[in-house]
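Per-chain residue numbering starts at 1, and chain names A, B, C and D are given in the order in which the chains are listed.
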Amino acid sequence: MALSREQLAQRVAQELQDGYYVNLGIGIPTLVANYVPEGMEVMLQSENGLLGMGQFPSEAEIDADLINAGKQTVTMATGASIFDSAESFAMIRGGHVDLTVLGAFEVDVNGNIASYMIPGKLIKGMGGAMDLVAGADNIIVTMTHASKHGVSKLLSNCTLPLTGKGCIKKVLTDLAFIEIKNGKFYLLERAPGVSVEEIIALTEGELVIEGEIPEMTF
Amino acid sequence: MAGFDKVVSSYEEAMAGLEDNMTVIAGGFGLCGIPENLISEIKRKGTKGLTLVSNNCGVDDFGLGILLPDRQIKKIIASYVGENAEFERQMMNGELEVELTPQGTLAEKMRAGGAGIPAFYTATGYGTPVAEGKEEREFDGRHYILEPAIKGDFAIVKAWKADRYGNLVFRKTARNFNPLAATAGKITVVEVEEIVEPGELDPDHIHTPGIYVNRLILGSFEKRIEQRTVRNDA
Amino acid sequence: MAGFDKVVSSYEEAMAGLEDNMTVIAGGFGLCGIPENLISEIKRKGTKGLTLVSNNCGVDDFGLGILLPDRQIKKIIASYVGENAEFERQMMNGELEVELTPQGTLAEKMRAGGAGIPAFYTATGYGTPVAEGKEEREFDGRHYILEPAIKGDFAIVKAWKADRYGNLVFRKTARNFNPLAATAGKITVVEVEEIVEPGELDPDHIHTPGIYVNRLILGSFEKRIEQRTVRNDA
Amino acid sequence: MALSREQLAQRVAQELQDGYYVNLGIGIPTLVANYVPEGMEVMLQSENGLLGMGQFPSEAEIDADLINAGKQTVTMATGASIFDSAESFAMIRGGHVDLTVLGAFEVDVNGNIASYMIPGKLIKGMGGAMDLVAGADNIIVTMTHASKHGVSKLLSNCTLPLTGKGCIKKVLTDLAFIEIKNGKFYLLERAPGVSVEEIIALTEGELVIEGEIPEMTF
């Protein structure tokens, strides 16, 4: 069965390591914070200028001067630091963030990602996404494998305007965990109960299947 | 102290000299740390044809959004917009020019403007619509694009505390683009919650040295919250 | 807390992995705010062929100058050197390569290295020996040269206080190049006068966030003064 | 008579304005701080990261962590601020300093300046001088008009390696106050008791003399 939002977050969380500085995008990526493995600590970077983002505040703790990149009120974790936007993106662009998790509309076999703009619809802007994909070595894209109508989002070539070129190496969809290299998708894992054939059918870009593909475990 | 006393006593004085078709750089992220009263003064003045540089454009009735109904903004350079209906309408009708700029590039462009760096290379935006018309170049086998600096005729900034010399301290994530905007205005105007005497701020903890600040005004702030999120168990 | 605890217990551990022919970026201005014990550890280790990036090169018996007698430095990138006799001798004999870089360009190169900016334009050095071999370009009728970023295999930094997570606070003008060096090392090693628990430093007043710091060690410092100047009437 | 070091500093100080942020180079420029006119305040920028440099410390005040760009122990003036070297030169390069005063070996009619290097001698480096001359709009160079052997330092073309190209507009020597424009030196003032002829004789670059040249007043 396709992974739930929570399962997607859980599977991403398995990629965390103790001491990782992590930037989590809006949506499913945000949920990853709920599944940090026991005994492990990660520090969340919020690109509006906060390293060490804490949980949401209580009513009494709400502070208009303390928000995250999604403009939600938050708190600071112990050992947090505050900085301006240039410093925040120096951190991101300079490759100091250990893991970036973000959503996308499409990715392709060359590691291109489209995530910010659907022509003809209202264009809200890329926010920090272009900086995040260009700056991070270690990025996990989380997305549904295909649209509701069965149209694949893992493509030979992205059709939408790009957020970044050649920068994505790992994609976790509701059906599969996939690595991108050598201009191809490599199937690493499949969602529990999802067959390799189902994944092949919903993957438009070239998909390499080597040996037995294990099911994800949670 | 006259020479370094930056304090002005009215918002009219704070924004004196702002004229039609000027470029204004504004601090703030969403509605957090925005110079709300300086924006209101621009609305009151009715200045038109402005090019605004700001990460966002406020909401319909707060922040930079209040400059939309009277068509005061000609162009906005921002990373994320459209949180307001009037913005969407003007953009769709071609009444408002929007130059989308990645958030980190926007911050760096302001810093470069203030720091005498006319242009810099960044990988951000390479191969995307942002790269159109820009020089591309390889360094060590990686692709980058050339981004020019931004400077403003005015910069409008919100800080927490200042001394009369214009030394500024920001509070929590209300810092965001404010220190960068402060460096990039020909005239930098700052509104703050508290003004203290020179010497009261620890020199090691001043975020923006007074050299960047031309005018300083004491304000009172609504500080509207865009996404009021609380935890359930609290 | 294990994951973010950057504290190491010996200087040997602090500089582990430093090998011959690596590039080391050092904070400090003159003898002010230099990582004196980390430099001593490099001397003790006897690492050779180093490229050093630092505003200055210490004096004969203190600071980076102590790496000269054993010929540990192959090349130095600095803005102002020659406060020591051995430096002069090695430079004149061609035993030591010196790349003179304007002070502000040097600072900006370190910052760019840490910030993922591969190169930037500056007017500094245009038309001078510094511009030789560099691209020249006009922006708005003014001349600029292209300067590449600098990154180090190691960065060695002196801060005043740190928490165990590596969040740093500097004191007075001992800050200088230290925060910039801290961002530009593949491995950034920091020595400090005091280590406190996470949460004890005000998040608004942290100069260098811990994300840039790999190793942290508590040191004791001589803090030698180069030009001890006092006023007569005091 | 040629101006003394103190008179040079005094004359430069007449160019100060209330509220000026000023960077003073090592040597004669440093003395300018002693002649700030009554009732006027200026703030001194020291490029190692201090805005608001105070006087030298008393023995008790000496602090190894507080020095100026000449590596001398100093104090902070009221309202001072501290910053890192990148911020310091952002200030300088970005043109935020109102007046820069520095010494030189040579200047020429095109506003070129040579101040950091004499080939064949030990080369110590330019420190912050190249940034200062490239970043400031308002620079006053203070120097002796000629060498002890009577060789002019105001030239058609600098002979030494340049610190900056086309960036100097005002030169105060021990004999004259000179403006540089249109590829020429313009004599503005002469030192008390120094004749125009003496200045002409010691100026190698083209010198324009328009009307009566007043003596400096102190």
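One rule holds in what follows: a contact is a pair of C-beta atoms (placed from the backbone, for glycine too) under 8 Å apart; a residue touches a chain by one contact, two chains touch by 3 or more.
Quantities reported herein were computed from a predicted structural model and do not represent experimental measurements.
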Seminar exercise, completed: By C-beta contact count, A-C versus A-B, the higher one is A-B
For this session: Please name the chain that ends up farthest from subunit A once chain centres are defined by their CA atoms averaged.
Result: D
Seminar exercise, completed: Rounded to the nearest Å, the gap separating the Cα centres of subunit A and subunit B is 29
Exercise. At what distance in angstrom does the C-alpha mean of subunit D lie from that of subunit B?
Worked result: 35
Problem set entry | Distance between chain centroids, defined by C-alpha means - subunit B, subunit C (Å) | 32
Exercise. Got the subunit A residues that touch at least 2 other chains?
Worked result: 76, 82-83, 89, 92-93, 135
Problem set entry | Numbers and ranges of subunit C residues touching at least 2 other chains | 108, 111, 115-117, 122-123, 170-172, 175, 203-204
Exercise. Among line, ring, star, complete and other, which best matches the way these chains touch?
Worked result: other
For this session: Spell out all pairs of chains that touch, sorted by label.
Result: A-B, A-C, B-C, B-D, C-D
Problem set entry | subunit D partner contacts - residues on subunit C that touch it in the complex | 29-33, 55, 78-82, 88, 91-92, 98, 100, 102-108, 110-111, 122-130, 143, 160, 170-180, 207, 223-231, 234
For this session: Would you pull the subunit A residues touching subunit B in the complex into a rising list?
Result: 46-50, 55-68, 70-74, 76, 82-86, 88-89, 92-93, 112, 117, 122-131, 134-135, 161-166
For this session: Within their complex, state which residues of subunit B touch subunit C.
Result: 108, 112, 115-123, 139-140, 142, 144, 148, 169-172, 175, 203-205
For this session: Within their complex, state which residues of subunit B touch subunit D.
Result: 1-4, 111, 113-117, 163-165, 167, 183, 198-199, 203-204, 206, 209-212
Seminar exercise, completed: subunit D contacts subunit B in the complex at 17-21, 40-43, 45, 51-52, 76, 78-83, 87, 89-97, 135
